[in-house]
Amino acid sequence: MRPSGRAIDALRPVFIQPGFAHHAEGSALIRMGGTEVLCAATIETRVPSFLRGKGQGWVTAEYGMLPRATHNRGQREAAKGKQTGRTQEIQRLIARALRAVVDLKALGEISVTVDCDVLNADGGTRCAAITGAWVALRLALEKLVRNGTLPALPIKGQVAAISCGLTDDGPVLDLDYREDSTASADANFVLTADGGIVEIQGTAEKDPFTEAQFNTLMRLARTGTAELFRIQTAIVEEALKA
Amino acid sequence: MRPSGRAIDALRPVFIQPGFAHHAEGSALIRMGGTEVLCAATIETRVPSFLRGKGQGWVTAEYGMLPRATHNRGQREAAKGKQTGRTQEIQRLIARALRAVVDLKALGEISVTVDCDVLNADGGTRCAAITGAWVALRLALEKLVRNGTLPALPIKGQVAAISCGLTDDGPVLDLDYREDSTASADANFVLTADGGIVEIQGTAEKDPFTEAQFNTLMRLARTGTAELFRIQTAIVEEALKA
Amino acid sequence: MRPSGRAIDALRPVFIQPGFAHHAEGSALIRMGGTEVLCAATIETRVPSFLRGKGQGWVTAEYGMLPRATHNRGQREAAKGKQTGRTQEIQRLIARALRAVVDLKALGEISVTVDCDVLNADGGTRCAAITGAWVALRLALEKLVRNGTLPALPIKGQVAAISCGLTDDGPVLDLDYREDSTASADANFVLTADGGIVEIQGTAEKDPFTEAQFNTLMRLARTGTAELFRIQTAIVEEALKA
Amino acid sequence: MRPSGRAIDALRPVFIQPGFAHHAEGSALIRMGGTEVLCAATIETRVPSFLRGKGQGWVTAEYGMLPRATHNRGQREAAKGKQTGRTQEIQRLIARALRAVVDLKALGEISVTVDCDVLNADGGTRCAAITGAWVALRLALEKLVRNGTLPALPIKGQVAAISCGLTDDGPVLDLDYREDSTASADANFVLTADGGIVEIQGTAEKDPFTEAQFNTLMRLARTGTAELFRIQTAIVEEALKA
Amino acid sequence: MRPSGRAIDALRPVFIQPGFAHHAEGSALIRMGGTEVLCAATIETRVPSFLRGKGQGWVTAEYGMLPRATHNRGQREAAKGKQTGRTQEIQRLIARALRAVVDLKALGEISVTVDCDVLNADGGTRCAAITGAWVALRLALEKLVRNGTLPALPIKGQVAAISCGLTDDGPVLDLDYREDSTASADANFVLTADGGIVEIQGTAEKDPFTEAQFNTLMRLARTGTAELFRIQTAIVEEALKA
Amino acid sequence: MRPSGRAIDALRPVFIQPGFAHHAEGSALIRMGGTEVLCAATIETRVPSFLRGKGQGWVTAEYGMLPRATHNRGQREAAKGKQTGRTQEIQRLIARALRAVVDLKALGEISVTVDCDVLNADGGTRCAAITGAWVALRLALEKLVRNGTLPALPIKGQVAAISCGLTDDGPVLDLDYREDSTASADANFVLTADGGIVEIQGTAEKDPFTEAQFNTLMRLARTGTAELFRIQTAIVEEALKA
């Protein structure tokens, strides 16, 4: 029915490969269909100046897209000399999502930076980034527990994200690029495994939408993230065994 | 009950002064309590390059804050040499909100830029900017009808925005700075007068929130924007009589 | 006779509203005809690095113009990523004018930044900025005396500025935009209430001018600033009573 | 003998995966030991302005390194707002290397941009980039022949690159990071399969070196590139069959 | 009497060497004591976009200072990524001074850029730049007459500049760095050979100054520029003979 | 035979004027034919942060070209807001060349910055810069010995550089701009007086070259630098006598 043949409430095939970035304290390459994001978490024993001496840590994120991750080559942000508004919006979103599930007091004066770089793009890159970033963060923080820096994991919850949208096929889960570019509205949901809402961003791309439509999208998002939480958990368990 | 003594579902005093920017095709200075934003709409008979020759118009927005609009002076973005991620996020939001209620085909190859500059800040600047920008845009487009450039107003709806949040006093409408800086979650709602949703941005500042809480915030937003639509309409009617 | 009907030596209507910027230690919105500048003084208990430990203070200024303060919209400097040469020239001028009447030793290790933002422009913005900035500065420093930080006002004099020019109507006082854009020469005079000269900038826009012409412009400037000093004094007295 | 146990004249394991960047006209992920570079070639039917109307094409390259490709996280160039001198030096080198083996006249008014992004770094990234970029370029140009845009491959030769250096173990081939950071001199050789020299960059990191030492490094480079040419050829043949 | 032993109204030794920049259409290296500025005029047969099709030319200037032209090394503006406010102020001044004596209509759609680069600095660099720039410009325009591009020199006058200031020795002509850094006020005068005033910039560095003092400075400036006009004339005549 | 009439192995006339930059601790204006570079060495008693507390010094270099040093005016890098890749490549090369002959341990926590600014360009500017920079550096370090800051010159060798290339006249020494712009390959050699190689950069501009050709270029470079070492030595001796 959908251009990809997927059911209304079906995710694309999800694959997460931990450890892709050799030097990072934690990393994960996440693939959702044709979208591929490399998430690498860096631990540093210092905090931004506004937090110095406050006995708490910080989690931040940066986002980038390789110039040819897309159908047409985009200009390299480093060459252009600045990050687009879209890039900044996305990296602020990823960082907020991660901070919502980290106990910054328990982290102590440590900062974690998660770099999310899109190697291939086919829609949903910001959601894939959040889902992969949680895995990278989780693995990196585990190291701090294993080497005795922290007594326990400073993680309060498990976070994942998915996009839903109103297309010609009605409300659907996990839009690919083709669907995303023609949807009349789309929404990104950042949810936690215990049912909490971390962030909702719903946008009418063409015409305003109704509250009923919005609620349908939220139902779909619950379905999708439930599956993502299962995959994250399995990958982390496997990686920690290794 | 609330720090300001306002009821849970009460807006701050709203005041809109049309024509503040003498040279602009349409303008409005909007005050919501201690927040004051100057919105100025500029009409230009050209469109961005990606729209050239497509027979449609464009609406965009820019946002800024005077360095001492806030409690502590912020660095001037022009001096720093770049706009913050926050600034870019907000101006993209304002622009999307306005485009959702403009018939770009009917506008023809004309572009409208709405500058929203915060003169005084006390929370809710992005929402005040959207509400004021719609008035500035409406007045500017009216000129195009009056001078015969357009046969009819290319406006499909009326848009306004308001923030709601979860504070120690529970869910409240129209947060001021004091409330905003301590809220556990807040959400901005961009709604249309005929009940449509243009944009929803809900963010957990501390802990994830529940769907029930979110729905309460949306109820409050409906109440608040109903009042804003009445004020916008009155101001526009008055300004057009003058 | 002049396009505005004003006499050769007449200022435009001047209006100064203190306290416009709610959070600033001192502020003034100054209007000279169609020109409107918001001046906001910020006190900070630190000095630039080149003055650290020297037991003296500093006064600086920044200048900006809202994109649609002018007939045609100008590009936003923050978006462009840099301040124009004109902007930098003007803010350096404002700062020198203020420093000439402040006793920096008596100020101690405190810095004052005066932001001058043009909301509406109709010629003479840099002069209006200086005249308004002195009021904002005066009110801000008064606070330091009232709260006991300083034993006495560290102000040595009163400064105001006005432009004069050679137009088709001969030498005139306080040029508006229409006059300014066609004048063959113009000069900005920054003077003190006790007759001193702080800064003179005379520029031939078309043909060189004579010393006699220049002296006539200086006479006009004396007339104009005398009136400005009276207005500044009245406003400050009134504001301090409140 | 060497820290890695490799022989003096042994390359690290080399692996090239074509097609990694789904959207690119040609791409190759190249691994040389712990170094991993994604090379993606983009074809565009336009040329830089200095070549317009001259009936010839152009080949250029861009280089980047993910922030956590290295032992310690480096600042993201896009966030910093500029590319380092090192980055610019490398991308200019890659571009020259490719242009030396492309017949720009035969290419016609087409430009090829090869993006080389380092996903993991363990020394020798610029050489790996050149070797991988040739494969990406070769595959992209093949498409132009297959779809009839070009009558024949506009390629004059096959290019690969390798670093050699003077270490405590004497002159060695293909330095990894550990060797590179302590070598007293190193040299990068860009050679062609028919024995030509495209570029030589030899640098004394500590003390000047002798001509005899330099000649030994060139011998090693011949050995190493011979192996790289075999691998490139095998990969291209395989990819074209698929 | 003065630190340099010069009389109150004595210039430093002035030396102008035409043709220093081999490739420029006109150039002059000017030395005034320890200050040395290389002025190079470039002719281009195009005008800025705001003048296109208006049948007139343009004259502009750029100013720079080598990092070690000064007592202490200054940061290179190209490395810093922007020109200081001082640099921009000076290059705008030089350009206005030159335009005041060029007949832009007679120049036709030609632009002249005069680069003024300070090789050694000992005070008065902007005035030396103007004086030298006129020579470079004059020689460059002569070429356009000699090669038949223009029927006659599009020059309306001769311009030179000098600084004067109030020092411990009273009002003096042509301040060197030692005097400039301790003067209580200084003024730059840009004058024409036929007695006109092109630009006056008088600034109180410490205390406001009087009109009488200002008039004395203007007298000194007349003396100084009279000598500069003689030197410019002699150099130009000599250079044109060669 | 060559366009300039020079023999295959003849340098252009070389002239070095020490002390051109009055304020610099050491300086040299070097001319090689029509190429003229001002080299100024600055001594500062601090080191970059990555070396602090390590008891060693640092030598760095910056390179620039006046806008009209060339046939056609180039855009001023300070105005453009960034240094080109070419500029950065060259200044990194100069710095490496100097560091190769300085004993950084013996220098102590002192840094030397050598500014190399091209006043006139006719090919070979980077090589002239290195040769002149060594003289400026040598003279500056001598001062540290003479004033007792250092017990002995922290210089391990003498360095100079020259370009060679393959032209229509075969392999030639010291290319001027005309030769350089049409050469099929060129190489820059940075050599020491005792026969060591500091840096080799050989580049095929058109077609790959052979090892035999490369060896011929190195022979020519030896001839050229032998002459440069004699000139450097003579100039330094003479300057130190003065």
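Residue numbering begins at 1 within each chain, and the chains themselves are lettered A, B, C, D, E and F in the order written.
We take it that contacts are C-beta pairs under 8 Å (C-beta built on N, C-alpha and C of every residue); 3 or more make two chains touch, one makes a residue touch a chain.
Quick caveat: nothing in here was measured; it's all calculated off a predicted structure.
At the far end from subunit A, in terms of centres built from Cα atoms, lies E. Centre-to-centre separation between subunit B and subunit C, using Cα means, comes to 32 Å. Computed centre separation for the pair subunit A/subunit E is 59 angstrom, with centres defined by C-alpha atoms. Measuring from the averaged C-alpha position of subunit D to that of subunit E gives a distance of 51 Å. Residues of subunit E in contact with at least two other chains: 81-82.
Arrangement of the chains shown, judged by which pairs touch: one closed cycle in which each chain has exactly two touching partners.
The ring of chains, read from subunit D with the first step to subunit F, runs D, F, E, C, B, A. Those residues of subunit D lying in contact with subunit F across their complex are 82-86, 88-89, 91-92, 96, 100, 157, 187, 191-192, 194-204, 206-211, 214, 218. In the complex of the two chains, the subunit A residues touching subunit D come out as 20-24, 27, 34, 38, 40, 42, 44, 62, 64, 66-71, 73, 76-83, 87, 113, 115, 117, 119-122.
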